[in-house]
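Okay, got some structures for you below.
What follows is chain A paired twice: with chain B in the first complex and chain C in the second.
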Partner chain A sequence: MTTEQRGTTDDRLLSVRDLKVTFLSRHGSALAVKGVDFDLARGKVLAIVGESGCGKSATAMSLMHLLPRRSARIEGRMLLRGSDIGALSEAEMNDVRGKHMAIIFQEPMTSLNPLLTIGYQLGEPIRYHLGLDRAATQRRAIELIDLVGIPAAVQIMRSYPHQLSGGMRQRVMIAMALSCDPDILIADEPTTALDVTIQAQIIELLRRIQRRTGMSVIIITHDLGVVSEFADEVIVMYAGRVVESGSVYEVLEDPRHPYTNGLLASIPDIDDEGERLQTIPGNVPNPRTVTEGCWFHPRCVRKGERCEREVPTLATVEAASRRQVACFHPVEHNELRELSDG
Partner chain B sequence: MLGYLWRRLRYLPVSLLLVLFMTFSVLRLTGNPIDIYLDMNRTPEQVEALTQKLHLDRPLVVQFGIYLRDVVKGDFGESLQFGVPALEVVLDRLGNTLQLVGVALGLAVVLGIAGGAVAALRRDRLADVVISFLAVLGQSMPSFWLGILLIQFFALRLGWLPTSGQGGVAHIVLPALTLAAYLIPNFILITRTGVIETFNEQFVLTARAKGIPSVRVLLVHVLPNTLNPILSFLGLQLGKLIGGSIITESIFAWPGIGRLMVSSIFQRDIPVVIAAICIMCIAIVLANLLVDIALSMLDPRIREA
Partner chain C sequence: MTASKAKIAIGGTVIALIVLAAIFAPLVAPHDPYQQQVILRLKPPVWMTGGTWRFPLGTDSYGRDVLSRLIFGSRLSILVGIASVVLSMLIGTTAGVLAGYVGGKTEEVIMRTVDAQTAFPDVLLAILFVAALGGSFLNLIVVLGISGWMVYARIMFGLTRSLRERPFVEAAVSFGGRSGYIMLRHILPQLVPVLTVVATLQVGQMILQETALSFLGLGVPPPAATWGNILAEGRDRLFLAPWIANSAGIAIVTLVLTVNILGNGLREWLDPKS
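So, the complex of A and B:
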């Protein structure tokens, strides 16, 4: 790839190469992430999209070394500022987690310890990574609560998770993730579990903070509206692989992979009001099963004979741009989305 | 807080009343108190004095009423063995029993939680297999048997520790261990399950994602969230623990309430027996209250409920 040859002096903060995640269980092993490559530039927002079960969370969790050691095997390289964090021990990784890379999860209701106050939980990473004393930790925590738009910070510090709403808890999670000014924030479907009105607020908050701090963000979502508003780059995952990547503008305006096309066709469009949504028929294959050829072909309306035999690799489609597609029969340039229903 | 205490303690008088009623009935039904309290060489004067003292010439209901009134004043009657108030005899031994139970509880908590945590962290490995096996074995071993084995090995064969009696720290090791054995196996198994389950909780992931040391994740985030079932189990087992203390004190000649009660039964020192039972009752109720207070201190959701 051309990105490989550009060396480490560029603005790439994180480079992931051939990341594989295998879940081991009594029933055998499941290759949930099958060799994923991507780069995250400093100050940019990268979106990872795809239906549920495509390996988005597994990818995010493996970056943070948060997958269970006994049941998940991780291969590949994860270069943070040029050094591989994939080989770090748990103790070494503790200097990275929370400090350089932070994560927020989908389930704010269960993400906080029910027995400890918000103030305590918020203060933990501050004390550990920044080595601040009690008073300074408290000041920093209150500052963070203000930052994420929660009123009555002092009172919130003393309250317990069950006393807060889901939206509030997610704000606390964001505050916690931001506590040590991380270079990278990973947000794994941060709004999926929240009310629609709260969803927009949380995304707006993330966007505002990203603009202000200039940190890089990896946002995992299946809301393409969020992608278009928030992200710079996007990678589309299907069954543990990247099937399409590029700038948000290119990918959303001009999807080349039939899967991306299908995802776009399945969201309500303000332009053609009243029209029935097209959903992609079928389901994401279980990573335990083996599919011959392209993993998407059983659900694909454009499949040809070759798709059933060979796995397409991610390749640059246009010389001028960095966008890549893994498909033998990509959707033609400016072809109408309606084609996806054949 | 006062309302809470009242709600918790309002049944205590009822329980005590029941205990007194039952002991009083058994006492009166098993025979003439004169035969129990006085030996064969009794003089008519003694019989007359006792009849007056115990109001034996009055109806049973009145006798019970008078008895109750005395008990409320802390007067359980005089110990037949020692010739001093029964309650005094019992309270004299209370400290020893509390000491034994306290040390046993401490041992059980430390060994049980540590064992369970190690087993959970080394799940399916050798350490887990050994610890879990011992725990299951311990659950099915009667504690008097364990006590005898401990005496046999550490006291008689190795001669490291005294077989019985009270003295320095060495004296309390074996009885406390024997009593703790009532709780340790269950503490281990409950902790093991709790730690394994809690590690799957999302908030543990959050804690790890903050990059705080693993030991801290375990001590601050995982273990406190496993304490609830341990404390609840302890609350349920308090009665068994008191029963265990009676057996243990007897095996090791530990001068506590349990041993006093057993010897008083043989001596037919009824006032002491009843006083001992009442004190144990109160102890169980208060200990349950302490367990509940501990639970609510641990968990803000319980505190608010």
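So, the complex of A and C:
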């Protein structure tokens, strides 16, 4: 049901509305995702950016129903082709996971079972969902290994995870994720644990495959370089909320939220090598703590009196575009990468 | 050679000898363990005055050869030990993995049952069981199997709970793996090393319990040669013929001790921390 349904009139493949994630524990509850909205169009790449602890993984895990039911409460709607996957039972969700939506994680070193061969594990999603016979499963697995650029496919099939490098293992994970031609691939910081040189290769691989298959991708990262190279749309998350969203071009060239601006100011610029990097002072608040007003105001250089009292909502800032910002004092046009923290 | 390997070698060798003797009992044993010869009753072992090499460990009050009875008795003790461990391992592992993986109500029910049965004395349970069904080889295995599953349930529950958080299990779930498949293919194989150690140590425990139940008359009924039965018969002649009870006692202690040495050796060998 993948190819036929592509390109229908509504090109929104996934719509997330008011997604909330609460982690419950003995010490009380923590609202880690506080009402997130976004759309993912067919064939597009959406980046979710933000510092560690902003709720990016919690958002991704909710989409896949991978958070433990007893310790995480999920509210809101997650519409996949118009039907709410949030309401699916565990058994129904098993038919979605790995088939319509697949996810790859940050830890390629530990994401494969050490006791099973690569070939066996690569065949798992195929066996779960496609019901192919042994020979066809094997052929598909070899095809996938070739697709993700691993040489000597037959030999790799017989090896165990410990015989492969981190980059190779992440390629295997990508191959597994692609095995059933998912409509959506979620990649949660897929390169964070890898060497810098390997990182670029993996992103390049993802981009190439995305172009070729036309699948939609949600890439979670805190690397804005990855965003600019790979993504079409971006949402910036801070403390469980979307603070800015829009096309990659708009958001990176003309950030309006002070937080986005701060993130951009903290990446090294090739042009002015000598300049010291500016980082945003302070930390992402723990979801258990309560902040009055805007969640970012304690770290914000532009805060005003209103920011300490009221929570800004995400609103369209320019009539002509879809980009949205949640800020009372957005950064002006072309006031780029200035942090007057002097 | 490390200490753990020495333990495995020593324990393994002694157990292998005992098991071989048990398997080839008809060839190894000098006499028929059930043959009664009244004129030869209560012969002392060879090192005591009046002892003879014909009956190295002496005879019992029916004139049966104690050594032959011990050799044949080991068959039952070992069989009961292994079979009851297999049974309790099956029950306990299934329960523990289910509780740890599924969680929620399933976990509540299983783990509260474990707590309740742990609080209930094993011997009392055995007495109730045997009183209801009668003593026999099969009932003994069932009673021991049912009384010993909680150890496995507890350990496997804890391990499964931590395993299900491991990235490779999470990844398998994220690709659409069904719960039953994940438990069998991804969780269970990880449990095998620990299961091996616990099961080995439990074989010793079960043999000891089998002896205790037979001694109390709740095991396989006489005249069957079991170590517990030999011990119980020896008790009645403790002053006149201490060698009967002593031989059985030493056999039991030797087997249980070597099983424990082997189990501890395996544990140290498999434990990456040591």
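Rule of thumb we're sticking to: the second predicted complex is superposed on the first by the 329 of 342 C-alpha atoms of A that agree within 3 Å, B and C clash if a C-alpha of one lies under 4 Å from a C-alpha of the other, contacts with A are read in each partner's own complex, and residues count from 1 in each chain.
Throughout what follows, a contact is a pair of C-beta atoms (placed from the backbone, for glycine too) under 8 Å apart; a residue touches a chain by one contact, two chains touch by 3 or more.
Everything numeric in this text was worked out from a predicted model, so none of it was measured.
Partners chain B and chain C clash in the overlay (superposition on chain A). When the shared chain is aligned, chain B and chain C each come close enough to touch A:R97. Of the two partner chains placed by superposition, only chain B is touched by A:Y160; chain C is not.
Of the two partner chains, chain B and chain C are each touched by A:N113. Applying the stated contact rule after C-alpha superposition, one finds that A:W295 touches neither chain B nor chain C.
Of the two partner chains placed around the shared chain by superposition, neither chain B nor chain C is touched by A:F230. Legend: residue contacts after superposition of the two complexes on their common chain; A:F38 is shown touching neither chain B nor chain C. Within the three-chain superposition, the chain B stretch that clashes with chain C turns out to be 279-287, the only such case among 45-53, 63-71 or 279-287. Common to the chain B and chain C interfaces on chain A are residues 64, 66, 70, 90, 94-99, 102-103, 105, 107, 110-116, 124-125, 128-129, 173, 176.
Residues 103-104, 166-168, 170-179, 185-186, 189-190 of chain C are the ones touching chain A in the complex. Within the complex formed with chain C, the chain A residues making contact are 64, 66, 68-70, 90, 94-99, 102-103, 105, 107, 110-116, 124-125, 128-129, 173, 176-177. Looking at the complex, you find that chain B touches chain A at residues 123, 201-203, 205-214, 220-221, 224-225, 298-301. Touching chain B in their complex are the following residues of chain A: 64, 66, 70, 90-91, 93-99, 102-103, 105, 107, 110-116, 121, 124-125, 128-129, 160, 162, 173, 176.
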